[in-house]
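Letters A, B, C, D, E and F name the chains as they come in the text, with residue numbers starting at 1 for each one.
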Amino acid sequence: MSQPELRASLITPTVDFSAQGIQHGFLRLPHSRDDSAWGSVMIPITVVRNGEGPTALLTGGNHGDEYEGPIALFDLARTLKVEDVSGRVIIVPAMNHPAFVAGTRTSPIDQGNLNRSFPGRPDGTVTPKIADYFQRVLLPLADIVLDFHSGGRTLDFLPFCAAHILPDKQQEARSFELVEAFSAPYSMKMLEIDAVGMYDTAAEEMGKVFITTELGGGGTATARSAGIAKRGVINVLRRAGIAAGDADLSPTQWLDMPGIDCFSFAEEGGLIEPLVDMGETVIKDQMIARIYPLGRTGAQPSEVLAKMDGMLCARHFPGLVKAGDCVAVLAITV
Amino acid sequence: MSQPELRASLITPTVDFSAQGIQHGFLRLPHSRDDSAWGSVMIPITVVRNGEGPTALLTGGNHGDEYEGPIALFDLARTLKVEDVSGRVIIVPAMNHPAFVAGTRTSPIDQGNLNRSFPGRPDGTVTPKIADYFQRVLLPLADIVLDFHSGGRTLDFLPFCAAHILPDKQQEARSFELVEAFSAPYSMKMLEIDAVGMYDTAAEEMGKVFITTELGGGGTATARSAGIAKRGVINVLRRAGIAAGDADLSPTQWLDMPGIDCFSFAEEGGLIEPLVDMGETVIKDQMIARIYPLGRTGAQPSEVLAKMDGMLCARHFPGLVKAGDCVAVLAITV
Amino acid sequence: MSQPELRASLITPTVDFSAQGIQHGFLRLPHSRDDSAWGSVMIPITVVRNGEGPTALLTGGNHGDEYEGPIALFDLARTLKVEDVSGRVIIVPAMNHPAFVAGTRTSPIDQGNLNRSFPGRPDGTVTPKIADYFQRVLLPLADIVLDFHSGGRTLDFLPFCAAHILPDKQQEARSFELVEAFSAPYSMKMLEIDAVGMYDTAAEEMGKVFITTELGGGGTATARSAGIAKRGVINVLRRAGIAAGDADLSPTQWLDMPGIDCFSFAEEGGLIEPLVDMGETVIKDQMIARIYPLGRTGAQPSEVLAKMDGMLCARHFPGLVKAGDCVAVLAITV
Amino acid sequence: MSQPELRASLITPTVDFSAQGIQHGFLRLPHSRDDSAWGSVMIPITVVRNGEGPTALLTGGNHGDEYEGPIALFDLARTLKVEDVSGRVIIVPAMNHPAFVAGTRTSPIDQGNLNRSFPGRPDGTVTPKIADYFQRVLLPLADIVLDFHSGGRTLDFLPFCAAHILPDKQQEARSFELVEAFSAPYSMKMLEIDAVGMYDTAAEEMGKVFITTELGGGGTATARSAGIAKRGVINVLRRAGIAAGDADLSPTQWLDMPGIDCFSFAEEGGLIEPLVDMGETVIKDQMIARIYPLGRTGAQPSEVLAKMDGMLCARHFPGLVKAGDCVAVLAITV
Amino acid sequence: MSQPELRASLITPTVDFSAQGIQHGFLRLPHSRDDSAWGSVMIPITVVRNGEGPTALLTGGNHGDEYEGPIALFDLARTLKVEDVSGRVIIVPAMNHPAFVAGTRTSPIDQGNLNRSFPGRPDGTVTPKIADYFQRVLLPLADIVLDFHSGGRTLDFLPFCAAHILPDKQQEARSFELVEAFSAPYSMKMLEIDAVGMYDTAAEEMGKVFITTELGGGGTATARSAGIAKRGVINVLRRAGIAAGDADLSPTQWLDMPGIDCFSFAEEGGLIEPLVDMGETVIKDQMIARIYPLGRTGAQPSEVLAKMDGMLCARHFPGLVKAGDCVAVLAITV
Amino acid sequence: MSQPELRASLITPTVDFSAQGIQHGFLRLPHSRDDSAWGSVMIPITVVRNGEGPTALLTGGNHGDEYEGPIALFDLARTLKVEDVSGRVIIVPAMNHPAFVAGTRTSPIDQGNLNRSFPGRPDGTVTPKIADYFQRVLLPLADIVLDFHSGGRTLDFLPFCAAHILPDKQQEARSFELVEAFSAPYSMKMLEIDAVGMYDTAAEEMGKVFITTELGGGGTATARSAGIAKRGVINVLRRAGIAAGDADLSPTQWLDMPGIDCFSFAEEGGLIEPLVDMGETVIKDQMIARIYPLGRTGAQPSEVLAKMDGMLCARHFPGLVKAGDCVAVLAITV
């Protein structure tokens, strides 16, 4: 039985994807709300086209509280010159724009986590409508896709670029070539356990070359982490032959997260005392953190132990933790 | 004309400040609220007393989203041995306990900023009632006071310990002696412009030796920053002769913030791109950050410039900034 | 493949649609909520029946912040005499009753926009349950349907009655006959671009004669606009032969909205300065409004221009505007 | 046409259902939220297994504001001895744990009413994910199921244990045998009118022996009502041969709710004056309650009348009532 | 130094306190708010006057979630006959009307606890403005004052009427005479420890005969508790010679709360299992309740013990408890 | 006894009031909040100075939802030429800037109604701090003050300019001269009953020439109402000799509001049906509006009657009304 046909997306772009030159505009999504019956969500977009050639789709703000990607892409959108491009660059610095403006991971309109909303629905709430437009309009235009992530307000990551281990080894090889070109301090080959609803999966299932990043976190960016993002995106465009010039490479450390033992979860909530910092190595059963109850002094803190040898590559960011939160992620160097 | 006499504080301690030994208890403040007519705010407190000798009052959580102090003090409360003390140590790891539990700078009950609420009021809302109890009960018991601060969720600081320039030079000298003993990577002599309502001022006006810190920020702590706090508080107790042993000193860099040109404010809100990182030096008129408007690509970002030569010692933490936010603070080394 | 059969609606009417005479009652929809486990949504309804004859279904409050319809229908429900009716009149002055009580466009329970929720779902949240009851119970009882709208709190309209251009020209003609009988100052033939989920569409697809209105806005009503509604509904009942007497006609100006150039959207948010008032005519490229940024004086406002010659027939109502809001709608007279 | 295959549940238990002995752990459900990107819902669970034998699944907190069940089950989980068990006991004292922690009927995360969410969805929001795990993992493990309910914050009930009238008379008989063993002061045979989405229905359709309770209400428990629950659950385990010892029986009064006339609803909101207390009997047309308007004195209260002879077995609990709330439920003794 | 003179109250009564007969009206307090610039708080009031004689001021809803008083007073306001009165009765069934309508202890407008707001302020927020009107206008009109209280949503009480032990023994004696006339099942002589801000204190300091009640709780009323209130108020008016007829007396049990050991507080939050019910007696060190942690099974509950021999006369009502909440109050019979 | 001396305002202007030429800047008020520890409220200000001469202080946004003033003043700030000024013009288009940005009457920070907060407090919350700055810094600089008001979201007014009847008849005469120069369609002499806390009173007590307006309402502006404001402010500057050119006068109708009978209040909440429109005349006892209960059809609406003969000059704007709201204001022509 065939799928029922989907209605057309209600999103209207104010740019022409086939036009030559540079255009700054919006994806306009009508959104009737109590404070504006005929309002719209306006997602900024830039399209740069010069002649024929491959298309790169560059995205940030998939989660609204991750900043290296938006910084690199707002910067690229105002500085990229048409004459340096061969082909087309589509830049959406803040995919989930309502979340980006609110500074939250998910959309304040429908609590949607955009990266769990693919393939989306043209008749859903705002977040699945955005996913649907990427699924049916923007991804088909692209040859390569770079989607920026960072840890957001509640996680911190060592800065890495990554791609997925894929069934199509040629697609995989082209992806890892771009990961290498991105040239982040760390790089990772990821085997996604639960890929349902992800933008990554949507792109990869269409055969696109897809790479992503984690470049810091805590709901902030630094000059260093923003610099990694800005250099990385240009490097990728150059390696793909879309931007002129050679990629500016530097050594990267490849990491692997071999399994579930990489993750340590809190069983009690409280005040977290970290005992290991990002990039430091631990051995199995070493204490990574203590968690103090908030309500009294003199009580025993609970202890979070390493379940394997490894390097701390991600951690819970806020000073307070709740039962069930992921406290620490360990990786091994490869 | 004399002040009208204040009514007694409604706060009841469950500990006896004059008893020998170690006690873990609460400051109980009755707080009738819609979800508990006869409820109370319960502020954890530990008192350690051994013989006669000076009293140290150690406090954290004056702002509820600053974590190095609470970590060091919850840890100290469970590890300090009575036999290592000569005199008395009073530990309140989370002064503004409702804010601490909520993970916010100010109290969720009355939006009170405790450090702007002194001398407090016994018949005020919860925050001024807490201030009043410190003003009239705890501060008078103390000889030295160490109040931990960090940047909280919205600021980040180079780690320093500090005391104020005071009219009483003997009091000032004893304070700076303890700053030096704290042995943070940086130390600062502060001239407070607007000291109204501060806990610092309340303590200093009673002639207490008062020191404070800024030890990081962003609403998190690291193993390194928590370690500075833990070592610092023991060092201070040792130098004051209250804890046994010698202070474990290391070199510190003294900083000064000579005037209003240290501070750069945003005149436009938006996405902030930092161009300088903490501890880096800049020269006058150097660009410290760009601020991109959130609503469109291709627009010119506004620029934040340094108003003097200096080292970046504090910065706005979140990735988004609003008009009027302090973006950067410069200090000079002395 | 046939549709899966839908479960029965959980809505219970306290009126008997087949009984002669007048009944005031409720559509009771069980709604278990935190503050009443066995609570209900109670939608007021009046049924007036006298002998055999056609049925008019009269509705207001499809959006909860539009008042001319509810005023006319609460008034009609208390004043319509059984003996003046031939057939049946079903009056629901506030279809989305939770939104009506809250004074909001959408439901405070599930944020449902009732007019985008058809055909509804018997197992959905409250708003689609209401839509389903109209779809499967009330609309099938009706011959003619009059659904009142106005601009609500965020839009303002010239007062008009309207019907849709339909594939069934006989159905269309009967609809426009009733529009004419309504006798609003303006009348409109509408070609709906995006009709998915609308009550209008649901009624028209069942072959009903369906007319609607826009009678003002801003979340208020005036004596004049309420008077148009009160006269219009009686006129329609009379022309349809359901109420006794002749329609009280007056001249109407027919309008047309020929295409997308009728609509002007804001690309920047801010304080809006209208330069043209309702009913005034503009020429292409004339400035309709300025939008001042909220955060500083002395800056250039952005400008909203007319994209065609026309008459201002609808406008954004609140003094502040957000990017993406529809600022103005132009119509042409026909 | 077969159902599309469902994806696996994302819930991971930290206990091994097949292991011998007693285990206390969690059902961990990953839940990415704005304040913890990699957070989890942690539902406490205890499994006690001793040899082979039937499995009892004991649940409370299906609605988060009902307390007799959670009290009895938290108590049982810490006191049940492995050696007293023959078979297996699975205890989940707070099925809708987010609602239980919030003290609300429905989940604060997605407003989900767990008992209207079956069979659930593995790709839904948190509440349907929990339902799906019970549907596809826990219910299949069980032979008998006891699900505790009370009235919650907004209803009050005479304490009774109940089972449903079922098409399978053998299944029904075994259920009523356990109701009798529970030995509450009242017992009830229920004919469910609207069983869609209920946990009860899900269990019964799998052929499980399912019993439930209503043991008080108002969002509280008493020593007496908690005692009924504690004795009841042990009695059930004993009668089922899973716990050692004989059931401690006492007389019960069987009740019946013969139809819609049992229920009286408010047509006006206001301040409710109850005129009849729980367990008292009324005759048809007797006044059960008055409802005073909140806004003025001297006005006539509306009156709520009994629609049949009967005993008051449930009532609206809060002092204020809204239009559409169920005010009183009458039962007859059988 | 004399007090600065206070400005006049902004409250306007729509009744004339000196007029003969019965009047139902309002105390209108202008309250400019975002949703009504020229709005008002409207507090219903009834005045019944017949000839000369003493004035009784009867009040309920001092806390907005206590219902026996409002029920008795709304009922009295519509049933009291002018010809049965000698003197004047002023009835305000819901003093803190905004809180009463919201069903909360304190005002939703300013979070004001009216019974801690005396003597109030004419230029304060809404709650102190109400207090000021009682302080300066209504209390001076009164000879006797009856203020109804119950436990509200979060406490439950044995039903008692009470008055305070006063320095003026004649005033005290007249108060206890009215307590006895009220004829509640229990009666209490109270020694207020912290009387600052109470309506009671304001009345007593003016020399008024003041009695109060606690008549149940949990945010509900029963036919029995409402009956106690209705009979009590008539009894008081009769004993005071204001209403015709004899008081309908029944035996009462006098209670005393001798000191701080009457009160047991929770030091941990969690799920409360009550082990003793209202009116039951305990001996010192007997366990009154267990408190289970909400987050895991198998953990030890904390225990709440009786600090003296006594009868349980009040208890925490909701099923969940927070650290610092009063769990139980014991009284002794006298 | 003298007043205690007030601390200095914490507000810092970024403009120099004594400098020649035009400056656009801010009043920066430090405001530490949970989402920005070192944040500020930034109130836009423009100062235009040319030579010596009188100072006009022009203000809007005293209430944040009134738009004619801000439109006229943002427009004036960008178009006023230095060379056309003799003296000084200080323009603050949005005094309560936080309320203006939120589109609400009062401040979202502290719920402060700025026009009831004078003389303010330098150590209060944000709104009284703003009032204090106007009281002690800006008003003393001014010779004439024009403060724009409109009805805001909840009231509508006939457009008028007004001044107060004052004890100093010379000051009064100069004020009415400027009212006449403003040349609104209507003009009014106001006798303020309750002037406590108003900006008007603060200015008048300093002897300033103070005029104000009401120019529409409903939370919107029209081209017509904005035009009245724009023409009026230039007219006033010209008449005062500060701007070059002659005032552009047109006839005005003087109105008077002779007493409390001008105001009609709602005693019941509901849906309001207006029966009279703005500017229409009524006679005593004429029905001005009906109010329908929201919860049922067929009920009698309550009626609002005129208490005197007059012209409708202000009315409640939203379609729903609450008990206590002012429904209508009548004026007489003079």
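Keep this in mind: a contact is a pair of C-beta atoms (placed from the backbone, for glycine too) under 8 Å apart; a residue touches a chain by one contact, two chains touch by 3 or more.
Predicted model only: the values in this text are computed from it and were never measured.
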Which chains make contact with subunit A and with subunit B at once?
-> C, E
If you tally the C-beta contacts, which comes out ahead, A-D or A-E?
-> A-D
Would you kindly say which chain has the C-alpha centre located farthest from the C-alpha centre of subunit D?
-> F
Of all the other chains, whose mean CA position lies farthest from subunit B?
-> C
Give, as an integer number of Å, the spacing between the C-alpha centres of subunit E and subunit B.
-> 43
State, to the nearest whole Å, the distance from the C-alpha centre of subunit C to the C-alpha centre of subunit E.
-> 49
Taking each residue of subunit E in turn, which ones touch at least two of the other chains?
-> 1, 26, 42, 65, 267, 295-296, 318, 323
Of all possible chain pairs, which ones touch?
-> A-B, A-C, A-D, A-E, B-C, B-E, B-F, C-D, C-F, D-E, D-F, E-F
If you look only at subunit A, which of its residues touch subunit C in the complex?
-> 1, 7, 10, 26, 28, 31-42, 123
Within their complex, state which residues of subunit C touch subunit A.
-> 1, 63, 65, 104-106, 113, 116, 151-155, 194, 196-197, 265, 267, 316, 318, 322-326
Subunit D touches which residues of subunit F in the complex?
-> 267-269, 295-296, 323
What does subunit C use to touch subunit F in their complex?
-> 22, 24, 26, 42, 44-46, 65, 67, 70-71, 73-75, 77-78, 91, 93-94, 100-101, 103, 156, 218-224, 226, 271-277, 280, 290, 292, 294-301, 317-320
